[in-house]
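Okay, got some structures for you below.
Both of the next two complexes hold chain A, though its partner changes from chain B to chain C.
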Partner chain A sequence: MKPAGWGELGWAAVLVVLAAFLPLVANGYWLSIGVTAMMYIALSTSWVLFSGPTHYISLATGAFFGVGGYLVGSGMSDYSQSFWLMAAISPIVGAILAALIGFATLRLSGVYFVIFTLGLAEMIRNVVSWVQNNFLGSRGLYVLTDLRDQHIYWMLLVVAAAVYLLGWFVSRSRIGFALRIIGGDETVARHVGINTATAKVILFTSTGFFAALVGAIIAPRWSYIEPNQVFSPQLSFLVVIMALLGGSGRLWGPLVGVIPFTIIWEWVGIQFPNQSILFIGLCFLLIVYFLPQGVVGRLEELRARMRRAS
Partner chain B sequence: MRQSGSVLSVKGVTKRFGGLVAVSNMSFDVAEHEMVGVIGPNGSGKTTMMNMISGAFKPTEGRIALKGRVISDLPAQKIAREGVGRTFQLVRLLPGLSVLENVKAGAVFGHRQRWGREADDIAHDMLERVGLDAMSYAPISSLTYIDQKRVELARTLAGEPEVLLLDEWLAGLNPTELETGVELIHALRDEGRTVVMVEHVMDAIRSLCDRCVVMSSGAKIAEGTPDEVLSDREVIRAYLGDDDA
Partner chain C sequence: MLDILVSGLLLSGTYALVAMGLNLQYGVARIMNLANGEVLVLGALAAFWLYTTAQVSPLLTVILVVPVSFIGNWLIYRFLLTPLVRRSKSQGALEVDSILATFGMSFIIIGVMVSIEGGFFAYKYLSEPISIIGSTTSLNRLVAFLIACAIGLALYLWLNLSRAGVAVRAVSVSTEASGLVGINVPRVSAFAFALGGAITAVGGALISTFITLDASIGVVFTLKALIIVIMGGVGDIRGAIVAAIILGMVETAVATLVDPGLTLAAAYLIFVLILLFRPQGIFGRRAT
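Our next item is the complex of A and B:
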């Protein structure tokens, strides 16, 4: 990820302010799409923080997201805790879990890392389901709050803005530079003096923190939570697709991917509810074949070519 | 020049990969401002030796010390920060980064840990040093082979190392490029840098090295000035076989 400039930060601030007005002009269907889009913007941007520069494709987003949602459900339903307390605890648990996974996967790279994170997410889902079914009695959990779609939307907007701001600082910092070098060649990274393990674990931990936070915030939208639903592996794939569609080379790349994809995804879900998985697969193929650098990468490539021609 | 105290000292270093002994009981010292060549036939363990100094591998036995501090139990990134910089036998550059950023990587995380303008300045200086400042913002893919090697050398120099390891830096260059390359290393020598180089180009070894360590089958078979070791019967036998010795 290239270092982001002040101009970019200014544009981001303008977009955040504009986005804050959405609930005032839209409601019902469009607000609900807004909530979904904002959720994916926060998740994809935080995914890109780690996976963008390092090229470590993580499929564990669903696990952290699920932990967040599940903790809120379980805390409120089984232990009568407040939503706010659980929403504060969730990201911390998500971060700790991510740090542990980070340390466990340090030696893995490439496809092994991908498989590990996918398997791990599935394992967490099954363990939580098993504990829930065998020891905690009930299958589902109720999350009943006074929060409406617009409140959830605004909270997610704040999280997305925070993720962006963090990413902006990271991209200009030594650790951001270190991650780009790690993504290029880890042997070189070690030999120029980078503690590759620390750099990777710190960023992966931040991904876990934000995914769990988003999972916690979105929980009230469902009211009723089942482990199988919040730990959906589909979510991990969607986050990756949207980030890749936009382009993971820039911090604002995911934004470009998420908005159109969310709208199309909603439409596909309504028109062809049984073929949605097929649609994901098709998108993956198309992106990998035609937009390996994402829309943003493609545009930058075209711009560079035009500059050379002129 | 040789008696000014040893900067790098290798003592009784052995490396085993399972049953294979790649390096066996190697010992040598490198003094400050000295250029030492590590030579020997293919597969004699030279690169393994370099990899142990830079921390890519840990020695099975023995120890390596930099200015009296043992570094052989440290990970590669710590050794780099202690002041050992290296180039790789097959050039390793970062294709997603510009030429300048590639060099800056050395300055930012290396021995002195620079950042911001200071790191940029050092990167520019080092690129100028190797004669590539004009290419600062070019993509890596547009570089020729010798230019890639120069960028890698600039990256290593940007880390301001106390000891520089050059692993076959002259290999794979055509005759014209070789001339440029030898000149560049000569300039490093004139600066008084402490260098350990693995090399096959004998002319370069004769003109550059103060001293040579000759390896064969993982062990040291000779040590001395280039002329001494290259006329040593044992060395000739290792390179050419018994008949020619």
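Our next item is the complex of A and C:
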């Protein structure tokens, strides 16, 4: 990932302002697509924050997201706390969880990390269901708020902008530089005196924080929460696809992937509900064999080639 | 207590077999195959489907599954994974690519399996109770255990005694060095990957006789196999057997004493302990 410049920050600000007007011009179907897209933009941008420079494929997004959504549901239904309190607690829990996972796995090679995150959402779902069936009693949790789609959309927009801003600072900071060296060659990074484990854990913690926050914010949209629903195994994979499809080499790469993919994904879900898993598989193969650097990477490659030709 | 020991041990037989398959794919062919569990479920689906539609004994299916899955996995390695091996500049880049590619394959396999059988692969085969040293278990578990042991033993002997087995082990130690002594590394890798896939599918057919699977359960088995391989140390068959016994025992203990829904959490607990204290595997030596 390259360090981001001031110009890029300006463009991002313009985009955020423009995006804030969407609920005023769209409603119903397109607003709901907008909420979904904004959710994935926040999730995949925070994914790129960590996985972009390090090339560590994290599949933990669904786990943190589920923890956030579940905490809101459980806090509001089982302990009658306010939505805002739970939405504030969730990201902290997500960050602590991520730090613990990072501490256990990120000191070792990347494969262990991928394997660990692969079943994480499923494992947490099992534990949560077990706790709920045995100790809390109720199975479904209600999240009843006055928040409408546009409010959720604006909150997610703020989160996405915050993720971007954090990423912008990180990419220009010492730790961002350290992560790029780790992604280039971890042995080299260690030899030039970078504490590789600490750098990775810090960044991974931030993705845990944001994924749990997004899960908490989106919870009122469902109004009824079940562990099986918030710990959806597909979510982590969708985030990976969108981020890589756009390109994880740039902080704004996921944006390019999310918007078309969300629309296509909705369409596939309606037209071919039984083939959606097959579709995820084809997307992965498309990325690996044809777009290893994502759409953005491919475009930059083309631009460089054109410049050389002229 | 005795029940836990016996059924845990019987379960670990198939686990060890599946982990051996993954060991061949990751340790020798250097492909982190995350579609491993789906190949296992494919084997289970074959056993289920042939038994319910044509009354073919799952034990016969085990034999039928071998050539089919061997050829299937060989084709996957030859045409889908070889380009990735060629283009990768380092082991790290190959791992990222193979992880993403095998994710894609696993979802495609799930998608295909769901369209064949969307429900549970439930069937009854050899489910009469038998008693072993005072503990009651079902016959299918014992049969699956014995077959898994036989295949595992045959594989172990073949790897250690035959000339081709030595070549496979040499590639697992170093691809460069074995290339220098005249081993055809791409061929051996493709063979190891295909053999690993075939063993995994056989394991799936065996497991399906005593555990009811469904199309989307593969990832759980991928994880278990990976945990066993890591716990035993990559490429270490003896370690994998010990690790499989530990995992089988702990899982059975948790399932009977606490809750059957927590077996994956138990596997994760073992995984965390291994990562924290012995990331090089039970018998592995710490790299210097």
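The rule we apply is simple: the second predicted complex is superposed on the first by the 306 of 310 C-alpha atoms of A that agree within 3 Å, B and C clash if a C-alpha of one lies under 4 Å from a C-alpha of the other, contacts with A are read in each partner's own complex, and residues count from 1 in each chain.
One rule holds for everything that comes next: contacts are C-beta pairs under 8 Å (C-beta built on N, C-alpha and C of every residue); 3 or more make two chains touch, one makes a residue touch a chain.
From a predicted model like this one, the values you see are computed outputs, not experimental measurements.
Asker: Between chain B (first) and chain C (second), which, if any, makes contact with A:T187: first, second, both or neither?
Answerer: first
Asker: Looking at A:T105, would you say it contacts chain B, chain C, both, or neither? Reply first, second, both or neither.
Answerer: A:T105 contacts chain C only, not chain B.
Asker: Contact-wise, after the overlay, does A:F177 reach chain B, chain C, both or neither (first, second, both, neither)?
Answerer: first
Asker: Scan A:L118 for contacts with chain B and chain C and give back first, second, both or neither.
Answerer: second
Asker: Should A:L43 be classified as contacting the first partner (chain B), the second (chain C), both, or neither?
Answerer: Neither: A:L43 stays clear of chain B and chain C.
Asker: Quick one: is A:I280 in contact with chain B, with chain C, with both, or with neither? Answer first, second, both or neither.
Answerer: second
Asker: Going by the contact rule set out at the top, does A:N134 touch chain B (first), chain C (second), both, or neither?
Answerer: In the superposed model, A:N134 contacts chain C only, not chain B.
Asker: Tell me which partner touches more residues of chain A in the superposed arrangement, chain B or chain C.
Answerer: Ranking chain B and chain C by residues of chain A touched puts C first.
Asker: Per the contact definition in the header, classify A:L244: touching chain B only (first), chain C only (second), both, or neither.
Answerer: A:L244: touches chain C, not chain B.
Asker: Output check: A:N195 vs chain B and chain C. Expected answer is one of first, second, both, neither. What do you get?
Answerer: first
Asker: Using the touch rule from the top, collect the residues of chain A that touch chain B in their complex.
Answerer: It comes out as residues 174, 177-178, 180-181, 183-185, 187-196.
Asker: In their complex, what parts of chain C are in touch with chain A?
Answerer: Those in contact with chain A are residues 32, 34, 80, 83-84, 92-93, 95-97, 99-101, 103-112, 114-115, 216, 219-220, 222-223, 226-227, 230, 259, 261-262, 264-265, 268, 271-272, 275-276, 279.
Asker: Looking at the complex, which residues from chain A come into contact with chain C?
Answerer: It is residues 55, 57, 104-105, 108, 110-112, 114-116, 118-120, 122-123, 126-127, 129-130, 134, 186, 233, 237, 240, 244, 274-275, 277-285, 287-289, 292 of chain A that touch chain C.
Asker: Using the touch definition up top, name the residues of chain B that touch chain A in the complex.
Answerer: 54-56, 75-78, 80-81, 85-86, 88, 92-97, 101, 104-106, 108-111, 113, 115, 155, 159
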